[in-house]
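Following: one structure in structure tokens, then a few remarks.
The chains carry the letters A, B, C and D, assigned in the order they are written, with residues numbered from 1 in each.
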Amino acid sequence: MTPLTRRQMAWRAAQDLRDGQYVNLGIGMPTLVSDYLPPGREIVLHSENGILGMGGAPRPGEEDRDLINAGKGLATLLPGGAFFHHNDSFLMIRGGHIDVSIMGAYEVSASGDLANWATNVETLAPGVGGAMDLAAGAIEVRVLMEHNGKDGSKRIRQACTLPLTGKSCVTRVYTNLAVLDIARDGVVVREMIEGLDVEALQKLTDAKLALANDWKKLTPPAL
Amino acid sequence: MTPLTRRQMAWRAAQDLRDGQYVNLGIGMPTLVSDYLPPGREIVLHSENGILGMGGAPRPGEEDRDLINAGKGLATLLPGGAFFHHNDSFLMIRGGHIDVSIMGAYEVSASGDLANWATNVETLAPGVGGAMDLAAGAIEVRVLMEHNGKDGSKRIRQACTLPLTGKSCVTRVYTNLAVLDIARDGVVVREMIEGLDVEALQKLTDAKLALANDWKKLTPPAL
Amino acid sequence: MINKIVDGFAAALAGMKDGDTLLCGGFGAVGEAFALIEAVIALDVRDLTVVCNNAGSGLVGVAALLKSGKARKLICSYPRSSDPQVIDDLYARRAIEIELVPQGTLSERMRAAAGGIGGFFTRAGADTQLADGKERREIDGKLHVFEKPLHGDFALIKAHRADRWGNLVYRKSARNFNPLMAMAGKTTVAQVDEIVELGALDPEAIVTPGIFVDRVLVAP
Amino acid sequence: MINKIVDGFAAALAGMKDGDTLLCGGFGAVGEAFALIEAVIALDVRDLTVVCNNAGSGLVGVAALLKSGKARKLICSYPRSSDPQVIDDLYARRAIEIELVPQGTLSERMRAAAGGIGGFFTRAGADTQLADGKERREIDGKLHVFEKPLHGDFALIKAHRADRWGNLVYRKSARNFNPLMAMAGKTTVAQVDEIVELGALDPEAIVTPGIFVDRVLVAP
């Protein structure tokens, strides 16, 4: 059994994005999703600092210090892209204009609660950024995170233990082990990696899992 | 005794505008103020439909159907002017960014209440336009109106009889007979036309008048 | 591939239904999407609510739509613009409901809808009869009135140029309500003068990013 | 004649006083008015409140201002950007008060201040501890929290080009908070790369009309 790499996780999340969708990618691993957008689909990336139609990192020699993404890395603009100010950018987020938000998380609950801004032990100043706005305003919120913490802690939980970012907002979770939907009656396993069964996955998961009848093997390319 | 013409009234209102002020002119008589802006002063006219730096009417051959003022007359744009959308335009009005609003009125009260949107007998659908926004948001609201109605009715009143546009907002009134300030303790006559005294003016005015010690003759040029 | 350009009024207005709220751009006749608005008359829809600063002029555009009897209600700030024959007639016969809203509040209510704001307090009109029946609150010593978002099922707007992503620019004061209504409409349809290649619009000068636009139709 | 161009930091920051709230533009280092913000350090002012999305990076700009001890409070959404050494130290010593605000709420509170809104209801953060102690209200079945306007005594912003009326344009994503803060500052000071002749900026593409700008300073 080989868990997905971070790039494979990002690849998997990218496959669900549809032609014409407006998508906000959170900082960290979700940013990698932009490297795996399926060819042939025009997916418009939104960056909270005021960009639509954001492209990937610039080629050497084409860097522009005034053009960055939400994670403060250098970015580019695609033809058809636009710049606008911050308030208009968050109007898009808060007003339900972003089709999909993909964020990292510490925990997700069986009812779709999201915890991704504060831990219980804060030696450093916590930051919330745009996470609560996205949780409240994006049409769909999907989470991309390791199935378990580095200490083995369970991150998909019956109820979150950490401070919430938003309630009942997450619809799908991509982990290094599985793809899980937050359905009306709980967490449904849609895909699992080769060599894993639902009993083994359940042991790594606090929330009660149901296996979809049509579940599939999660088989990413080597990345 | 010769009451001011409409153009003379507009001229008088224009004389009080200072260099660098942002000014919104209401539809009707206040629009004429733009013809008499004192030379040497840059006064930036705001039009509620989304213009700053509005100029006067276009010269023949320079008309543009897409460039109109709040009264829907053709207008021009000065160098330094800008176009913006309606919501930004009213953000300027409501957020206290407009230095002076000059509006017409049916009635003004001794405490500065303004009534300029509805009469008590409405055979036609009433309209409010931006008057309530200007009354609430402009730093100063000045009124330009005939001292009395066509039927001789008194328009500067101890209390308004018509539906209000805003309370305690008017600071100065320009009429065809006088210039009056709404002061803390009532209406103060600052200027009167030649041949008028305060007793005669009082008879034409419902609000109790006080005469400023330093009152002046109101002597407009022939217009 | 994203291509928001549609061909013909049927595609532009597809999905409009009885009881819908239409946000109609324009300040007076300038920036009004005449062709789109008049195309609504040919549809089998009724009980519309029309949101427009004015009530149209003469017998065209919004005035024609109101005259058609398809609108149950008008939400506006200043119904009587030039040649208000249609609204005068409807008002005299009490044949339409009119909700009169201060112009800035009209604007702000649509922005609230566009931006997910549940409601806001404003001073405009707070001390007038237009606030009667509404929640009032004193904030920092000043009376405010609570106003709610104003959503549109359709926004019918006019722009100058568009690309296939729906990015829009406007001409001079024809901008007015159009970018705002584009943001507040569930389905936003833009009538434009001209289509340009993707990338031809300056990204620093795009006024309405395509995210707010669903359909684009070239019409005179 | 209107001429908002000033010469030197003293003129640019004249009138700043103890207890003032400074709105500092920028998203990370991009669009931050480094020169203006660092010039505040030289002033005899204290107990400032700094409003900025981040808390600066390294030892420059907002980070330098915070390190100087002139700020009593920081209102931000995401304090720890790249190289957060200053805020980490201040936080560890509890040497500054931090008010953490969801980024869109931070933005919207400044817009409310800019536009005369007395307060608004938003869903963002309503069901989280950041709404504790605030008024909550269910609207259309969804929990909202009441948020108040956030005014600035000064906005210190960065733009690309300006004219003497204070009209501004920006460069790419350096636009970010700057146009918003320009609107929300009682006194708005813009640090710009370049001054152009009045009329040289395209009136269709001016992002911040001069009405929102009080002073313009050319600084690298």
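Note that in this section contacts are C-beta pairs under 8 Å (C-beta built on N, C-alpha and C of every residue); 3 or more make two chains touch, one makes a residue touch a chain.
Quantities reported herein were computed from a predicted structural model and do not represent experimental measurements.
Visitor: Going by the touch criterion at the top, tell me which pair is linked by more C-beta contacts: B-C or A-C.
Guide: More C-beta contacts join the chains of B-C.
Visitor: As a quick test, compute the distance in whole Å between the mean CA positions of chain B and chain C.
Guide: About 29 Å, centre to centre.
Visitor: Averaging over Cα atoms per chain, report the distance between chain C and chain D in Å.
Guide: Each chain's C-alpha centroid was found; their separation is 32 Å.
Visitor: Express in whole angstrom the distance between the two chain centres, defined as the mean CA positions of chain A and chain B.
Guide: Here the centre of chain B sits 56 Å away from the centre of chain A.
Visitor: From the mean C-alpha coordinate of chain A to that of chain C, what's the distance rounded to whole Å?
Guide: Centres of chain A and chain C (C-alpha means) sit 35 Å apart.
Visitor: Taking each residue of chain D in turn, which ones touch at least two of the other chains?
Guide: As it turns out, chain D has residues touching two or more other chains at 108, 111, 115-117, 122-124, 170-172, 204, 207.
Visitor: Indicate the residues of chain A shared as contacts by at least two other chains.
Guide: 77, 83-84, 90, 94, 136-137
Visitor: What are the touching chain pairs in this one?
Guide: A-C, A-D, B-C, B-D, C-D
Visitor: For chain B, which residues are in contact with chain D within the complex?
Guide: 19-20, 22, 42, 44, 46, 52-53, 77, 79-84, 88, 90-92, 94-98, 136-137
Visitor: Could you please specify the touching residues of chain D with respect to chain C in the complex?
Guide: Touch list, chain D to chain C: 108, 112, 115-124, 137, 139-140, 142, 144, 169-172, 202, 204-205, 207.
Visitor: Note which residues of chain D are touching chain A in the complex, please.
Guide: Listed in rising order, the residues are 27-31, 53, 55, 76-82, 84, 87-88, 91-92, 98, 100-105, 107-108, 110-111, 122-130, 170-180, 207.
Visitor: Quick one: in the complex, what on chain B touches chain C?
Guide: That would be residues 47-51, 64-68, 72, 75, 77, 83-87, 89-90, 93-94, 123-133, 135-137, 163-167 of chain B.
Visitor: Considering only the defined contacts, which chain C positions touch chain A in the complex?
Guide: For this pair, the touching residues of chain C are 1-2, 111, 113-117, 163-165, 167, 183, 198-199, 201, 203-204, 206, 209-212.
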